[in-house]
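Input: structures, listed below.
Two complexes, one shared chain (chain A), two partners (chain B, chain C).
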Partner chain A sequence: MLSAFTSAFKTPDLRKKILFTVFIIGVYRLGATLPSPGVSYTNVQNCIKATETGDVGGVVTLLNLFSGGALLSLSVFALGIMPYITASIILQLLTVVIPRLEQLRKEGQSGQAKITQYTRYLTLGLAVLQSSAFVALARSGQLFSGLCPQDNPQFTIIPENTGLPYWLTLTVLVLTMTAGTGVVMWLGELITDRGVGNGMSVLIFTSIAARLPSEGWSIKQSRGWGVFSAILVLVLVIITLVVFIEQAQRRIPVQYAKRMIGRRTYGGTSTYIPLKVNQSGVVPVIFASSLLYLPQLYLQFFNPNELNGYQQWIQNNLAKPSSWIYILTYFLLIIFFTYFYVSITFNPTEVADNMKKYGGFVPGIRPGKPTADYLDFILSRITLPGSFYLGLVSVLPNFFFIWLANEQYVNFPFGGVAVLIMVGVGLETVKQIESQLMQRNYEGFLR
Partner chain B sequence: MPIGFAYTLVVLLVISSILLTLLVLLHRGKGGGMSSMFGGGVTSSLAGSSVAEKNLDRYTVLVGVIWFACIVGLGLWLKLAQQG
Partner chain C sequence: MAERNRPADDSADERPDDEVVEIVEDEPARGKDGGVALAESEPETDKKKRREGVGFFGRIGRFFREVVAELRKVIWPTRKELLTYTAVVVSFLSVITAIVVGLDYAFAKGVLWVFGN
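Up next, the complex of A and B:
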């Protein structure tokens, strides 16, 4: 393991890539801590301290997790890659609906590039919307769910007595955060292009990892060493299990027929199609959790003390992460989205057609439609445990804070989405480094 | 400090923000969308960067540095102005 690290650093081009990635991550973290002009750093810190003990509003917690705490402090990179993720989700869903996008996706490389370009435009559009929304939330004090009133000078996030007209300060703030989102997008693309791993996911990984030490420490502070070490052990077990399942795949053997072209024989090889147990990654979890934010978002429009019957029901069940209805809905949504996403990304008919075109077949199965049916059958069977696994890991934090009896751990960074993303991205990146090492015949990290 | 200084910074910041956004949009997108983001598809980035792309990188970095300096400068100015 360690020798693999040294050999990775001895390979000049790989070393350059790794150092470049580290440099970009440094720039990203710098921007994530730099407060936007007009935002009072000390007051924001006061607010964060004031809300630490209570429960922070549900809408922003996941977003805050993805931006590595940058969102609540309204820093330059406050929005992080969230607009990009939202834009990609929207375009991904639209490809099913709009025929033109579907056509572009089938076109291959050039069509895909066009879709990416649309995603980038949409990202900046969303960034304008979201940054204005968050500035408005911060001004009304809702960003910290009313726990730090804005008329108290100690808590005023965007102070007015600066000499500049207030509207100008707000406009500059929105513009800066929008441009910041653009820069984050570019940094991600630079990593994809010249560094190791997929840029966007490496950036998410950094944001989540950046929060681990402080979150862990706050648990230790409030609960003492006993609970802290118990959680650490539990986390290690969870990570091991997640790695185990992420790596799991079913290999469907494929035999290629020998073909004579001129005097040469081609093909005749046997390979396999790897079908992963968790074919869809964490995307379903992100879909499901963004859907489950809608009830909470809806409740934000009303005064919490004057809710009528069904609104109260929503508050006690759908918007409360420790209620059984919430957990069950979350779980079922994840299962649904897992199947949905797998059906979007893996098309058995297409794979079977491609195999037929190149003279490949699964031993014992006729090429064409029977192969497609066979692949479909295996895929839907293997996705069932995959979706259960995704659902279980994601609702784990909810059990955590039923146990710890504290709403603070809603987005506990050691469970659910965070662990899935970290393990997924980590594995992917290490695999990419490894494949580059393999080109030079070195031993890899993973055996 | 004179307020003219702050206005200069604000104007610079607005211009550089807009320029930066446009420059970033001019780049060719490199992400492979959602599926490649969280493990799934296989991304191959075989296409190298062209000369135009390299120059674009240079301009983007330049504007980015100006943008960054403006943010820091304006942030400090606003902080001082608030205390005074």
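Up next, the complex of A and C:
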């Protein structure tokens, strides 16, 4: 395995890609540490220290995890990649509903570019909304669940006596965070284009990895070595399980007919189409969790002591990770998004048409529509266990953590969702490096 | 010819056809039933409901049987593959985490030096 690492670095092309990705990750982390203008860095640090001992629940934990700790310190990249994810979910859902978008999607490359463009605009809109929401939360002190009162000069996150008009400070703050989101989006696309792995997932992965050691340490501090090692073992088991299922394939045999073009024969080989049990990867989980934080976000705009009837209901059910309604909704959302994402990424008709074009067929099935039907049949059957697996892995550890300690730990880096994202992204990235190595006839990591 | 070559796949490739056939048969039957039920007395409607209920559960049952059948054809990773992949993923995770944490530490020190009092 070590030799594979060295050979990965010996290939100039691959070395460039890997170093580029690491560089982008560095830029991302720099932006996540850099405080926005108008924010008092020392006061924010005081606040974070004050809340470390207390229990910061709800929306902040998950968002803070996905932004790699950047949100609580109100840094330049405080919003992280979340607005981009939300925007791409919205647009992908809309392509089903709005005929014009569907038409664009079918247009191929140029249409897809247009949809990406719309996603970027929507991201900026969402970023303006979210950053103003967070600035408002910071001013009212709710960002830290009221644990650091804003009338105390030691805790004032956005001080007023800076010599500038206050509205200007706030506007600049919102503008900075929105621009930061734009930059994060660009960094993600740079990774996809010129680095290794999918940019969006790599950045989320980085954020989660950034929280790992400190959260692990805080568990060890508060609960001792026993619980800490139990959690490590559990995480290892989950990792193995995730690897096991991600590697499972249903192979559909494909025969290629021999044909003569000029004086050469082509084809006559037999291969297979690998259909993974979980064809959709970790995207459904990311989608589901970023949709489920919306009710919590919504609640943040109200005073927790003066909620009306249905807001109360949301707080007790949809915004509470230990309530069974929350868990069930989560599970169902994951199943829905798994099927949805598979249907977007794998088009049986297209695959069948391509096979037909190059003289391929599944033994015993006619080319063309029957083949497409056959692929669709298998895909819809094989995705069911795949979606159940995704749902269970993201939900089950929550029970463990509720039993072990309290709800605070549910969304934290050792929870099912985070582990699923980390392993999924890790596997995907390593495989991409591997396939690039194989192109140059090196032995890969995976033998 | 293909059927002779791969008898094992026979059962699998019949199924989609089955479904199509069934749907085709279903539609007119349901239409007829509905017409009858509207025109005539209640026992007919009851019968229709019961039959559709069975059909629905039967369909779900069949769906699950097909899921299990497909799962049997899945090729699972071997023990060796599983161990290597897990090791690779774990080491990848540790490397990235180490890089990120190192960077974070350096940046935090730098920011504190610039902005702290």
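Here is the rule we go by: the second predicted complex is superposed on the first by the 396 of 447 C-alpha atoms of A that agree within 3 Å, B and C clash if a C-alpha of one lies under 4 Å from a C-alpha of the other, contacts with A are read in each partner's own complex, and residues count from 1 in each chain.
Here, contacts are C-beta pairs under 8 Å (C-beta built on N, C-alpha and C of every residue); 3 or more make two chains touch, one makes a residue touch a chain.
Since the model is a prediction, treat every value here as computed from it, not as a measurement.
S.K.: Tell me the contact category for A:L384 with respect to chain B and chain C: first, second, both or neither.
M.R.: second
S.K.: Of the partners chain B and chain C, which touch A:V22 in the superposed model: first, second, both, neither?
M.R.: So A:V22 only meets chain C here.
S.K.: With the two structures laid over each other on chain A, which partner does A:L427 touch: chain B (first), chain C (second), both, or neither?
M.R.: both
S.K.: May I ask you to decide whether A:A209 touches chain B, chain C, both, or neither, giving the answer as first, second, both or neither?
M.R.: Touch partner of A:A209: chain C, not chain B.
S.K.: After the superposition on A, what does A:I365 contact: first (chain B), second (chain C), both or neither?
M.R.: It touches chain C, and chain B stays clear.
S.K.: A:N354 in the overlay: touching chain B, chain C, both, or neither? Say first, second, both or neither.
M.R.: neither
S.K.: Examine A:R250 and indicate which partner it touches, taking first as chain B and second as chain C; both and neither are also allowed.
M.R.: In the superposed model, A:R250 contacts chain C only, not chain B.
S.K.: Looking at the overlay, does A:Y374 come into contact with chain B only (first), chain C only (second), both, or neither?
M.R.: second
S.K.: Touching A:T33 in the superposition: chain B (first), chain C (second), both, neither?
M.R.: In the superposed model, A:T33 contacts chain C only, not chain B.
S.K.: Taking the contacts chain A makes with chain B in one complex and with chain C in the other, which residues are shared?
M.R.: 34-35, 41, 427
S.K.: Residues of chain C touching chain A in their complex?
M.R.: Going by the criterion above, the answer is residues 2-3, 5-6, 9-10, 13, 15-16, 19-20, 63, 66-67, 69-71, 73-77, 81-82, 84-93, 96-97, 99-101, 103-104, 107-108, 110-112, 115-117.
S.K.: So in the complex, which bits of chain A are touching chain C?
M.R.: Residues in contact with chain C: 1, 22, 25-26, 29-30, 33-35, 41-42, 45, 205-206, 209-210, 212-213, 236, 239-240, 243-244, 247-251, 253, 277, 363-365, 370, 373-374, 377-378, 381-382, 384-385, 422-423, 426-427, 429-430, 445-447.
S.K.: Quick one: which bits of chain A touch chain B in the complex? Just the residue numbers, please.
M.R.: Residue list for chain A touching chain B: 31, 34-41, 76, 84-85, 88-89, 91-92, 112-113, 115-117, 119-121, 124, 159, 161-164, 168-169, 171-172, 175-176, 178-179, 182-183, 185-186, 188-189, 192-193, 198-201, 246, 279-283, 345, 421, 424-425, 427-428.
S.K.: Okay, in this complex, where on chain B does chain A touch?
M.R.: The touching residues are 3, 6-7, 10, 13-14, 16-18, 20-21, 24-25, 27-41, 43, 45, 49, 60, 64, 67-68, 70-72, 74-75, 78-79, 81-82.
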